[in-house]
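Have a look at these structures, which come just after this line.
Shared between the two complexes below is chain A, which pairs with chain B and chain C, respectively.
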Partner chain A sequence: MFLKDYITDVYKAVRSLLTGMKKTGYYFVHPSEIITQQYPENRHDLNLPERFRGEVVMSHDENNEHACTGCTACELACPNGTIKIITKFDITPEGKKKKAIDTFIYHLELCTMCNLCVQACPTDAIKMSQKFEHSVYDRSRLTKKLNQPGSKIREGVE
Partner chain B sequence: MYTQTEIIKDTTQLNSNGNEGELVINVGPQHPATHGVLHLVITLNGETIKKIEPHLGYIHRSIEKMCESLTYRQFIYVTSRMDYLSAHINNLACALCVEKGMQIEVPERAQVIRILMSELTRIASHELWVGAMAMDLGAFTPFFYTFREREVINDIMEQTCGARLTMNYMVPGGTMYDLHPDFQNRVKAFIIQFTSKVTELEDLIANNIIFQNRTKGVGVLSAEDAISYGCTGPVARGSGVSCDIRKIQPYSGYEKVSFEEVLEPAGDSYARYLIRIREMYQSISIIEQLIDNIPEGDFQAKTKAVLKLPKGEFYTRVETARGELGVYIVSEGGTTPYRIKFRSPGFSNLSALNHMVKGSKIGDLMATMGTLDLVIPDIDR
Partner chain C sequence: MFSLAHITQIIHDWLYSSFDPTLALIIECAIVILVAIGIFAVLGLVLVLMERKVAAHIQIRLGPNRVGPGGMFQTVADTLKLIMKEGLTPDLADKFLFNLAPFLVMIVAMLLLAPIAFAKGVQIWDINIGVLYISAVSSLSVIGILMAGWASNNKYSLLGAMRSGAQIVSYELSAGFSILTIVVLTGSLRLSDIIASQENGWWIFKGHIPVIIAFILFIIAATAETNRAPFDLAEAESELTAGFHTEYSGMRFALFFLAEYINIFIVCAIGATLFLGGWMPLHIGGWEGFNHLMDYIPSSFWFIGKTFFLIFLIMWFRWTFPRLRVDQLLNLEWKYLLPISLINLLLVTVIAIMGWYF
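After this line comes the complex of A and B, so read on.
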C-alpha cells in the first residue's frame, strides 16, 4: 500500500513537472510571442501616449509667444511647491500697467507629475510633455525656467 | 518596539541564559522575500518558529500628517503612494470621502469609469501577486507570464490616465479625463488575452505538486481568528469570512453590477491563492458587464475651484485588492483637513502573521507571508 502511494506521488510529481516544462518549452520555440522590448535600443520608435505625464513644459508658438498670464493658479494648485512664478509689470502702449510673467521657475526635482497644475491652468499655457528620461549629472540642472528668453504673452489671452 | 541594539542584546541574553537551540534571527529590512523594507524578528527553537515580531517604520513617510497641510484636491495624489499596486482604489476612497462631505453628485459615466478602473487595478494587483508568490516559493518563470498580462493593463492605464502606477486619475466629483477613445477596444482585447492565458497559471502553479505540497495546510487561519485580528480582503475570505465591502456597503455603483463574493473555507495558503485567482475572474465578469454599457454624459461633476468640507467627521471604506481601506477625515470647515486617518488593510493582515506561523517550520514562513500580499508602504504610510 505504501509502495503504491509512493509510486503515485512520484508519477504525479513528474507529470506536473512536465506540464509546466511543456508551457515554458512552448515559449522557447515560439520567440514571436515574446513581448519583451529592448529599451535603450528602441528609443527612436518609442511611442508614448499623448496623455503621458513626463514633465511640465510651456508651449510657445512660432512668434515666441506663450499663453501664461501669471495668475499663479498652478503655483497654488501644486502640492509640492514645484512652481514659482515671478511677475513683473509691463507698460502697455496706452500707458497702463499690465501684469506679466518675468520667470516661470519649475523644480523638476520636486515634481511628482500629478497633473494638478495643468488642470488648474485657465489659459492652457502649460502642459505635460512625453519626455521621461530626466537624469542629469548636476542637480541644479533640474531647476528649469519654462518661459523662453524674450518671449511674451500672446495677444488676446486674458 | 526594540531598537537595533536591544535586539542584539536580546540575542546574546538568550544564548547566555543557556536556552540552547533558541535563536533570534532578523529577516529584513533588506530581504527579497519581504517585498519591501519589512523587518521580522523571528525567535526560533531549532527550525520551529516560536514567535515572530514585525518591526515597522522603515518606509514611514508620515502621509497622514502630510495630508493635513494639503487641500482636498491635493491630498489625493499622495495616497497613490500608500498601496501603490491599487493606487486607483486608494484615490477613489479619498475622492468618495470628500464627495460625501461636500455632497457632490457624481455623474453615472464617472461612476462606471471608476468601477472599470478599480477592477482593472485589482486584476493587475492580483496578477503581480501570483507572480511574486510563485517567486517566493522558488518558481521564477510564472513571474514573467503574469507580468505580461499586467503590462497590458499598465499600458491601458498609461493611455487613459497618463501614468502607469501613480495615476491620480480620481478627482473629487469624477475623473480627471474622459476615457481614451481606444479604451474599450483595448480592454476587450485584454479580456480575450487574459481568459486564454490564465490557464497557463494553473499548469505552472496550481497543478504543480511542489506548490501544492508547500501551500496546502500551511499557515492556517481560522475564521474566528481572522475576525479577531481584523483581517480583511482575500486573507479573510480565504478563511470563509464574508467581508467584501463591494457587497456589504456598495459604493460608486457596485450595487448595479452582478458579481459573486468568492469564499474558501480552508484558511490555508492554497485557499488564499485560489481566492485571488477566482477574484480575477469576477473582476473580468464585472468589466464585461460594463465595457459596452458606459453611459454617455459628463465624466466630472461641476465643483467649486476651492473645496471646503463642512465641519464634521466623514468616513468611507472601499475594497482594495488587499482588503478594506478606510478613510477618515475630520474637518474644521477649512480648505485643509484637520486630521486624516487611513485604515490600511495590510497592517491588520500583517498582525495575524505571528498567529499563523507560530509552531510551524521556518521554511513555511515565506509560503505564509507571501499569501498575505503585503505592500509595506501601505502598512507604514
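After this line comes the complex of A and C, so read on.
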C-alpha cells in the first residue's frame, strides 16, 4: 500500500508539473498572446481593457442635459471625500421648489478609482472614463467641475 | 568542412615551429585563458538576455526592447552600469573573505570549463577522470557561497548561505548517481570516451527508460545545484532579500551573477555531453546515409544547440514552478530522488552487464 501511494505521488507530481509547463510553453510559442502595450508609441490606438478606470465623468447628452438629481448618494459612498455636491433649489413651472445640483465638484487628486460612487448612483449619471493622462503642473487643476456650464437635469429623471 | 579542431591544430603547429617549446606552451596557456575569459563574458551577456527574453515571453510580456535592436544591448548596458557602481563593503564585515568570495565562486566556474568538449577536438584538458573532476569541483562553489554569507555580517546572507549549503550537499548525491549511470554504461570517466561511445546513438535513446529517468533526475539535481528556481531558496527574494549576495554591489555582485549563469551553462553542457552526445551529431546505428548527412552540420553547432536546449529547459522550469520550502526541498531529495536514483542505477547496471542497450 505504501509503495502504491509513493508511485501515485510521483505520478501526480510529474503530471501537475507538466500541466504547468504546457501552459507556459504555449505562451512562449504564441507571441500573439502578449498583452504588453508599448505606451508612448501606440498612444493613438491604445487597447485598454473594458474594466480600466481612468476618472469619473458625468455624461451629458446633445441637449446639454445630465441625469444627476443631486441626491448625494455618491458623496456619501465615497470613502475619501473625493466628491462634493453643492445643491440649489430650482423653481419648476408649477411654482414648486425642486432640489437640483449647482456644482458637482470632483477632486481627482483624492480619487482611488474604486468605482463605489458609480455603483451608488441611482440614475447612472456618472461613469468611469478611460482617460488616464492626468498629469498637470498645478494641483488645483485636478479639482474638476463635472456638470457642464448651463446644463440641467434631463426631463423625467427623478 | 568547417572544423574548429583544424584551426587549433594550425595554431599549435605554428607556435611550436616558431618558438621554443616552453614559450610555445606559455603562449598556448595565455591563449586558452583569454578564450576562456572571452567565453565567460559572452556567455554571461547572452544568457542573461536570453533569460529575460524567455521569462518575458512565458509571462506574456515583451521583455527588454529599448537598448539596441530588439533589446540586444540591454545586458551590455547593465554591465557598464555595474562596472561604474561603487563596490560597498558593509561595516564589521570580514573584509578579506568578503572580497575573496566572488572570485572563489568565479574560479570554480572557470575550473569546470576545463574538461568540457566544445567541439570535435576542442577541449582544454581531456583528463581520464573528467566526470569525477566535474562532480568534485562543482561542489566547491558552496564554499564561496558560505564565505560570502558568513563574511557579509548579515543574517539574511548567512541564512541564504546555509540553505544553499544544505541544498548543494543533498542534491550532489542524486546528480552523482545520475552521472554514474552513464559511467556504468560507457565504462569510462573520460569525457571524450563518453562522447565517442555515443557515435551510434545518444545515450538517452540507446539506454531505454532508465537513462531517461537518470536524465530527468540529472536536470532536477542540476537546477538545484545551480540554486535556480524552483530551488532558489538561497536567494529567495521574498524572504531573504537576495540571500548570500544581499550585501554585494557593483562588480562583485556582477561576478556572482555571472557565475550563476556560467554554472548553468556548465551543468547543461555536462548534461548534453553525458546524455545527448556532446558534439556528436544525431547518429542512428545502421543508417549510414543519414549519419553522413548529419555530419555536415559542424560539431560545435551540435554542442551549442544541445546545451542551449537544456538551458532553455531550465529557464522554462524557473518561470513555471513555484519555489519549494526547505522541508519540501529536503523531502524531495531524500525521499524521492535518492531512492529512485539508487534503484535506477541498479537497473542500469543490470542493463549494462546483460548488454541490453543498443
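By definition in this document, the second predicted complex is superposed on the first by the 121 of 158 C-alpha atoms of A that agree within 3 Å, B and C clash if a C-alpha of one lies under 4 Å from a C-alpha of the other, contacts with A are read in each partner's own complex, and residues count from 1 in each chain.
Everything that follows uses one rule, which is that contacts are C-beta pairs under 8 Å (C-beta built on N, C-alpha and C of every residue); 3 or more make two chains touch, one makes a residue touch a chain.
Since the model is a prediction, treat every value here as computed from it, not as a measurement.
S.K.: Based on the superposed arrangement, let me know which partner A:88 touches: chain B (first), chain C (second), both, or neither?
M.R.: Touch status of A:88: no partner.
S.K.: Return first, second, both or neither, reflecting whether A:35 touches chain B, chain C, both chains, or no partner chain.
M.R.: both
S.K.: So, does A:98 touch the first partner chain B, the second partner chain C, both, or neither?
M.R.: Neither: A:98 stays clear of chain B and chain C.
S.K.: Should A:51 be classified as contacting the first partner (chain B), the second (chain C), both, or neither?
M.R.: A:51 contacts chain B only, not chain C.
S.K.: Identify which of chain B and chain C touches the larger number of residues of chain A.
M.R.: B
S.K.: Is A:128 touching anything from chain B or chain C once the two structures are fitted on A? First, second, both or neither.
M.R.: First partner only.
S.K.: Scan A:20 for contacts with chain B and chain C and give back first, second, both or neither.
M.R.: A:20 contacts both chain B and chain C.
S.K.: Tell me which partner A:115 touches in the superposition: chain B (first), chain C (second), both or neither.
M.R.: First partner only.
S.K.: Considering only the contact definition stated at the top, list the common interface residues of chain A for chain B and chain C.
M.R.: On chain A, the overlap between the chain B and chain C contacts is residues 9, 17, 20, 23-24, 35.
S.K.: Which chain A residues qualify as touching chain C in the complex?
M.R.: Per the stated touch rule, the residues are 9-10, 17, 20-21, 23-25, 27-28, 31, 33-36, 38.
S.K.: Can you tell me which positions in chain C touch chain A when the two form their complex?
M.R.: Residues 54, 57-62, 65, 316-317, 319-321, 336, 340.
S.K.: Which residues, counting only chain B, touch chain A once they are in their complex?
M.R.: Checking each residue of chain B against chain A gives 70, 73-75, 77-78, 141, 148, 151, 158-163, 166, 168, 171, 176-177, 180, 200, 203-204, 207-210.
S.K.: So in the complex, which bits of chain A are touching chain B?
M.R.: Result: residues 9, 12-13, 16-17, 19-20, 22-24, 35, 48-49, 51-53, 77-79, 112-116, 119, 128 of chain A touch chain B.
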